[in-house]
Amino acid sequence: MDRRRVQGPETSVVPFPLLDDAAPGVVAPPLQAGKRAGGRRPEDMRPIFLRTGLISQASGSAYIEMGRTKVACAVYGPRQIKKQQGFSEQGRLYCEFKFATFACKKRRNHQRDSQEKEFSQVIVQALTPSIRLEKLPKSVVDIYVTVVENDGTASCLAAAITAASTALADAGVEMIDLVAAASLAYQQRRPEGDAPTGENTREAGAADLVLAQMPSLGDVTHLLHRGPVDWAQMSRAVEQCIDVCAKIHAVMVHSLREHSAAEQ
Amino acid sequence: MSSSAIVTPGQRLGREHQYRTGPGTYVRNSVIHASIVGTREIHSAAEEGELPTISVTRGREQTTLPQVDSIVTGKVLRVNPRFATVAIMAVGPTACRDEFQGIIRVQDVRATEKDKVKIYHCFRPGDVVRAQVISLGDARSYYLSTAQNELGVIFARSVAGVPMIPISWQEMQCTKTKTVELRKCAKPM
Amino acid sequence: MTTVTTAVGGVASFLLFFRAVCSLFIGATSFAMSRVELLNPEGLRVDGRRANELRKLSCKLSPLQHADGSAYIEQGNTKVLAVVYGPRETRHRAQVMHDRAYINVEYLVAPFSAGERKKRSKNDKRLLELALAVKQTFDSVVMTTLHPRSQIDIYLQVLQDDGGALQASINAATLALVDAGVPMVDYVCACTGGCVDSQALLDLNHIEESSAETPDLTVAILPRSGKVTLLQMTSRVHSDQFEQMLNLAMEGCRQVHAVLDSSVRDSMQQLADQMTHR
Amino acid sequence: MASFGLVSQVERDFVERGVDVGIRADGRARDDYRPPRVELGLVSQSDGSARCQLGDGTDVLVSVRCELGQADPAADDRGRLAVSVECSPSASQRFEGRGADDLNTELSEAVTRALTGPQSGLNLRQLCIVPGMHCWVLNIDAIVLNYGGNVVDALLIATRAALADTRVPRTVVQEMEDGAMDFEVDDDVENAQPLEHVHNVPLCVTANKIGAGYVLDATLTEELCASARLHVTVNSSGQVCAAQKSGDGAIEPSLLMAMLQAAKEQARRLLEQQDEQIRRHETEIAAKRARGEPVKRPSIFV
């Protein structure tokens, strides 16, 4: 027996059966025609809770909740590039994206796996176009993203990008625009906005899309799509995501304004 | 202050022909946008015929980076015959969150008789210096200069560990033991 | 239940190995499972060659246009690509030698090159040893003193290994160096030799090489002077037979030299033709 | 690719202005694709292999090997694919030692993304031997021999061709007395089966945003000048299987749609060309077999 770790019991029960839709004894409410779980229409998104400045030690921070998707983000810096990475006229972003070990159905390891590394890179690529890097010579801005609860990987990534951009704005990093990101799952040949887990794994042929955009300027800063879909479906999905980004942008602006006003 | 005056990055502030751009703003396609979260401020022109300046200022202190020409304050970490290494702790009036590394090379210590400069006669580890950034330097350090009267050591302790007072532009005296030590002193402002 | 599963696993992996070995020489139909007969009573080897016969050797100079020099060699089913860059500035200051060039050899093996798929790390000790063998071979042959403070890179990529990857690599590196115009005192030609039932064999293939009782000798010579620059042998052999093996292998080197030399001349002739026609 | 060093501002201007007026350094138009030269079945000890060259630059060699593996408990009735890409230092000195590690991971991920999940189109059930116990693992090993831009596309072109060339050995499953399953692998290459639904495997086309326009099939210099890149993976029924932006720039929505559309169209043409080539290759081999001639493998370079 490994004495260094506390051994759990061999069997266990779900403590709050009502929290888990799939738990036995809980009957999911029948879906209304054209509606999704939770009574949403296909294009509706979940209500967003977004707040900045919750992590006091960081230069800037943001916490976002969309339904059961919960993501916290902290930004540190700008600080001088430490390692021997050579001189650079422009600043750099560095991101560490991590699922909390308890965030998913299956326990995650403390080490970042390849998916988390990939998402870190995606976040950097999605935010870099929005930052005025020429203002930050020789410096690096660190972004740490922790997913507290994962309710659909695509929506986690979108929430992470949105939160990271809000946190950067909160840190006072000069940027040309905020970046809002929206996720979407294709289902039964129709895109549905802002997909939680149950919805994008229901079908084997499921496909999803994450799109990040600078809403004031209109430029798309990232696009990540998986799964086979028709061209018409995809172009409609891109348009729909752009619409959703505008709505998310309004939430971001509201929360930044509120926080800024509260400080003065 | 009403929250409507608070702007967010990307928000349009006006057109280029209306204002001059100040800090916290940028121009794209001749439209002025905000680049940070903060309060919009319009300063009327100092002279007749000039455009008013528009800027965005943050409520909280702005994170700062050393830039060329900015005056920085830092502590000498170590010295060697070629340069003194300085940890930059404040840029202008604002303190830095993280320290930046800078060096004062032997030829940048003072404006005259550069060939006679001995670093150890100008700075010692632990001194607090005021210096100007002359270049972004190399991958590791910013290059600093103290070649002005107002720049140089502003605080130093003697061998006895007591603060010293400047008695000339290159000497400081210990208040306790009255020994004189060599420093490149800043002119009191 | 568990024991059965492991048994099945064992059978499966054995079958896989068997399949891998089989696939190496699909041509050879009569193949005894129990003990491989390396030399049949008629004096023919598993792939139908005689004892003193080389495998088919074909080569091509500068298959890759962008490199300073490159060469590709096929010796039977062993296929090696050699690429040479340089002489150029040294990458690391520690490697600078003020009186001569530094030769850097990197020896890479494709994961699909051998019978069984195996991914080797770049720091695999066996690969480093082979790279060192190639480096030491060429240190004495390349006129490094003509290019002080510089570096010559030789990258060897083994695409397929059916025995004798080292000899093929050395031959390919020679051609690539010639193609790059690096001055050398002579060609370096390498060949392997072995010995079965006191009969010396030339140019071992994978089956002969991996057989436990065959000694396996790799020799590289400078064909004009006959000087030996590399000599490697594993297993044990009687000294009388060793001499026989060595002589046969050196004879093989001379045959290799003829092929390499003619391919260099052909390719230079082509180049000259192109230049005169332009 | 930052690992290839820098490009000067003048060179960048040259490329950008060229793209603005629709001219490229090698005489192609913005939408032109260098015709890929694909050869099948080069590596004799592999179960399938192919090499793809784009222009004089990019050159990749892909091998597919079937290996017995334990079934994945999450999908016990299916086999799986494992991809590894290696950049040989013969392509660039920067790939020496550990220099290529990051790029290798990036390229392996890019190929894996196109080939795993439902979008791969392959029938992975075909690779199952004993459900829940044994399956075939298709090891896809790629070597980048020369790096001349657009390597992701070339890798997928070569991989798809190699998969079409792949023959999976036949297995005979027997049930033993105690209910356990045993199987034997048929060694006869003639009996090996081709993979099912290879024509459904998607191809990737990369559009590079340079200045205000975009180009397909960028050369190395063009890749260095690109501010953003869009990898679009499309299958033969015209479905978009995956799309991903990379690089540090932003793309306007109208340009994004144009890039997607152009990449999709190009992918359709590439797929048609490749299917035609594979069909020709197969009929050639079948004809040779029928005549009893030996099927010789083409040599890699000679």
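By written order: A, B, C and D. Residues from 1 in each chain.
Going forward, a contact is a pair of C-beta atoms (placed from the backbone, for glycine too) under 8 Å apart; a residue touches a chain by one contact, two chains touch by 3 or more.
The model shown is predicted, which means the values in this text are computed figures rather than measured ones.
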item	value
For chain C, the least number of touch steps when starting out from chain A	2
Whole-Å separation of chain centres (CA-atom averages), chain B against chain D	54
Chain centre separation in whole Å, for chain D relative to chain C (CA means)	30
Between chain C and chain B, distance of the C-alpha-averaged centres to the nearest whole Å	63
Intercentroid distance (Cα basis), chain B paired with chain A, Å	38
Multi-chain contact residues (two or more partners), chain B	none
Shared-contact residues (touching 2 or more other chains) in chain C	none
Two or more partner chains touched - positions in chain A	130, 214, 217
Touch-based graph of the chains, sorted into line, ring, star, complete or other	line
Complete list of chain pairs which touch one another	A-B, A-D, C-D
Footprint of chain B on chain A - complex, ascending	59, 77-81, 84-89, 130, 132, 135-139, 169-178, 214-217, 252-253, 256-258, 260-261, 263-264
Chain A-touching residues of chain D, taken from the complex the two chains share	105, 109, 113, 117-119, 121, 202, 228, 230, 235, 238-253, 256-257, 260-261, 264
Residue numbers on chain A that touch chain D, as the complex places them	114, 118, 125, 128-130, 204-207, 213-214, 217-231, 234-235, 238, 242
Sites on chain C touched by chain D in the complex	1, 4-5, 8, 11-13, 15-16, 18-20, 22-24, 26, 58-60, 63-67, 70, 72, 74, 77, 79, 81, 83, 85, 91, 104, 106, 108, 110-115, 117, 119, 122, 153, 155, 157, 159-160, 162
In the complex, chain D residues that touch chain C	43-46, 49, 56-57, 59, 61, 63, 65, 67-68, 84, 86, 88-90, 93, 96-98, 130, 133-134, 139, 141, 143, 145-146, 148, 169, 176, 178, 180-185, 187, 189, 299-302
